[in-house]
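Note that chain A is present in both complexes that follow, paired respectively with chain B and with chain C.
Showing the complex of A and B:
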């Protein structure tokens, strides 16, 4: 590679906001406890400046685990439901499925938590459940919209050339639906990262923990720390999905 | 090759295909014609089981297709549709390779076949193989569609208004290519069209459907000379039907070879259509044309009155 081309590549890389925002997110995660003590002038005197119940890397890791697990389940369920709703066998259930997932999303996650705690106890489990219920709709919506966007002549040709039902789904329909599916997953995951904060009201360890503690203890410093990190987390992941979408052009 | 035996199919109580029986002989082109809604597409789609008949049988090489697995049957039959339906996320080469890959051909054989087919349909492997469908013109896309249908050497080619969506000039060139390819490969073709000229030009036989019923089947010349009904006559041009007849008869059939040519000028080949002969006469302002029958080494004369009959 020539120096000129390397330079051009570097410039292109630096032009990607995902790198900047992601780097800022990581740096703040690891240095928050050192920066916060210098920000006393922002808050009323006597405010405790550094959240100390857990370290920020711990909070981020736990937050990422919860949303990652919930997203994975939501993607699997949403994909399965979306594929089923667009198959000949499932077409009759499409409206019911879409209504069910819509209801699941209308249900406020806080209410899901409140109802789930008696059954599942405090902590991560009810949080993951709430996030899954909340995250399935955008995924399924994307899958259904994506699969329905595949042009009818393409489907007719796939049938006529002798694809099996599974072969047609796997090699023709899903690749062509992928951009719309990816957009649905992006919405689901990004919303999930923000929503996970409320899991801290039932004892899950997330970036919501400093926010909830800060709100109940009248400590704006804690609230600010949690808010900034969770916002950067969500924006980073959203931008990363944007890069992924730009990378994948099935129709070029 | 294909025999329809009392085939009937209804959609929501309306008979789309009503008690149709006829056969398509191996190695021939059969043009299935009729107005929109006459059931010709439905009949075609029953051959590769994209639709199934309510009653009656369809025999493919003597075997009732109701007993064959649809997926395997379709891999033995080429399928070309008006809207082409190329897979937009695959290159031209990959599109053409669809059925060979489904059949599990090895890589080298697939690649060789793809180049061969691109040549056959008049595209250049070096230029077009790695393009994507949206980088081709409509005519080129349909050439790829035909190549994809022919890829695994199907015994039968089903074509549903294959050239209906391209401009007349491109359509003419695609029709000529198809005729040449069919002659070379000997593939049996069942072609749905509502274009009379296309049916006459390509069809070795013509089968006409009206409201789902077969109203006439036969060679173009026979159908045009003796239309079975008012509708058939109207479909094939009404008052202009006689002009279409000129397209299916050739010069040799009407030429007087008994005497030496009485006319001067460039001779017209005996294989040309009477339509071409008439066009020459009008353009040159003559009533007699010299005829050369190169195959039999004969010369003769075609008179304007011979166009009417001899």
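Showing the complex of A and C:
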């Protein structure tokens, strides 16, 4: 590797927006309580400037935990449902599953979240449930679309070379479907981060908490802090998935 | 013809259908084990569940068990022409019977215990309703003719409407939450429609322009869609809140704007946020629609001597319209859902009831707002699908 090429690699790495947005997100997470006291000029006099119910690293950790846990469950369930809908045994139900997915997509996230409260009470539990319910759909959609995109000749070739059904699924179909499945997971996680933010209206501790507390207590400083961090968080995660997806596409 | 029919029916698999049988078993378990209605001393306290037998007696229990039995029987029966329609009707009967019995139980048990007592729908009820709904959905998907698909759906919808309009459900807590705030409900419903409609109009006007530009100048398309992608990525609640600061500053600098209804909180920022959210799907739809027009059609139009403008208006637009219409439907449904958040920034809408209910821990008020938002979204989705079917003679995907 020549110095010139190494430099080009470094430039390419530094040119990645995910690095910059992610760095900004991390720096702001840990310095928000020191920056906020200096923002008084933005807001009406007398506004309490520093959000004190929880520290921002705590909020980020809790937000990430909720989203991560729910996404994990959503990916497992969505993968299972999507594989089922494309197997001979489940193909009969594919149309019904797809219709239910379309119907469920029309349910507003706030409504799903609010409906979970009477059943599960306030706090993290209804948020995780709503996140899972909402996250399964895009994953399943991606899995079904991905598995269906595998060309029939490839499947025939796999049959001809003596693959078992499970071997064919695991070693041929899923790897070929991976980019589309990944796109579904990306959508699911992005929606999850947004829904988790709304989760603070039912008492979950997330980056939405300063926003909700700020809106209900008319404190624009809290709103701004929560908003900036949660927007950076969502964009960082989305860009990171974009990098992951780019790995599947050969560079030109 | 009969050969075609038998070929079609063999596609729908083995004669026994597992799903209605499983759902009937699930419904039976829910009916026997779950609380059918919940009786609470007032609208805020949590209540005690009452099972189906205790709530509805032998007649009511039989009215729920009969459609469940029919569902299981039809699922196990050999295939015949009207099977899926009958399954759909049995599922609809289950939904109607459960709802009607819950309404009746509310009248009986609510009247016994004083005016503050609230009778809410229990987990067992919701499970029975879900079992009926899924069976109905599956039956509609499998039914072979449009009439066989439509009859169970229309019968169920008409039955539910008749139950509600006839006052059979009026003692349920959900209905009482509605009746004490009928006026406010209509106001917020109209506000919800206003916010969604205004957001959609702006999104379509600006989004269509962006989509058109992206089609004309493909080099800039990437950058435009990347920017809109970022807007979509920002959590909705943050986007609503993000607008408060700049708009408040704007009205502080130019107080005249306040006279136009522009400000940091209220309907204006909500409409802006909704419009921003709608930009990406609309722009993508226009771009995809125009890009999907076959070259051959454009060449043919040019060969007939059409001018550039004529080619655009009489060839490209009609061919791009179905795709555009589909994105319009998806965008509208999305905006109806997002508009529930407008209540958080003081703009009203159906979200008002959701957040009021969450604040008071009055779960039936939450239910009122949430079910209305879901119903509105479903109604918009179904009616635009119907319009698309009538306009373009092919079902929306």
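Definition applied: the second predicted complex is superposed on the first by the 242 of 252 C-alpha atoms of A that agree within 3 Å, B and C clash if a C-alpha of one lies under 4 Å from a C-alpha of the other, contacts with A are read in each partner's own complex, and residues count from 1 in each chain.
One rule holds for everything that comes next: a residue touches a chain if its C-beta (ideal position, glycine included) is under 8 Å from a C-beta of that chain, and two chains touch if they have at least 3 such contacts.
Since this is a predicted model, take the numbers as computed values, not measurements.
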Partner touching more residues of chain A, chain B vs chain C, is chain C
Touching A:215, do we find chain B (first), chain C (second), both, or neither?
second
What is the contact status of A:167 with respect to chain B (first) and chain C (second): first, second, both, or neither?
first
So, does A:45 touch the first partner chain B, the second partner chain C, both, or neither?
neither
Could you say whether A:15 touches chain B, chain C, both of them, or neither, answering first, second, both or neither?
neither
Now for A:235: first (chain B), second (chain C), both, or neither, which partner does it touch?
second
Shared chain A footprint, chain B vs chain C, residue numbers none
Could you list, by residue number, the parts of chain A that touch chain C in their complex?
42, 92-93, 95-96, 99-100, 102-103, 105-112, 114-115, 117-119, 122, 190, 193-194, 197-198, 201-202, 208, 211-212, 214-215, 220, 223-224, 226-227, 230-231, 234-235, 238
Taking the complex as given, what residues does chain C use to touch chain A?
12-13, 19, 123, 134, 137-138, 140-142, 229-230, 232-239, 241-242, 244-245, 248, 333, 336-338, 340-341, 344-345, 351, 354-355, 357-358, 361, 363, 366-367, 369-371, 373-374, 377-378, 380-381
Flag every residue of chain B that touches chain A in the complex, lowest number first.
48, 50, 71-75, 79, 81, 83-89, 98-99, 102, 132, 134, 145, 148-149, 158
Quick check: in the complex, which residue numbers of chain A touch chain B?
151-164, 167, 172, 175-176, 250-252
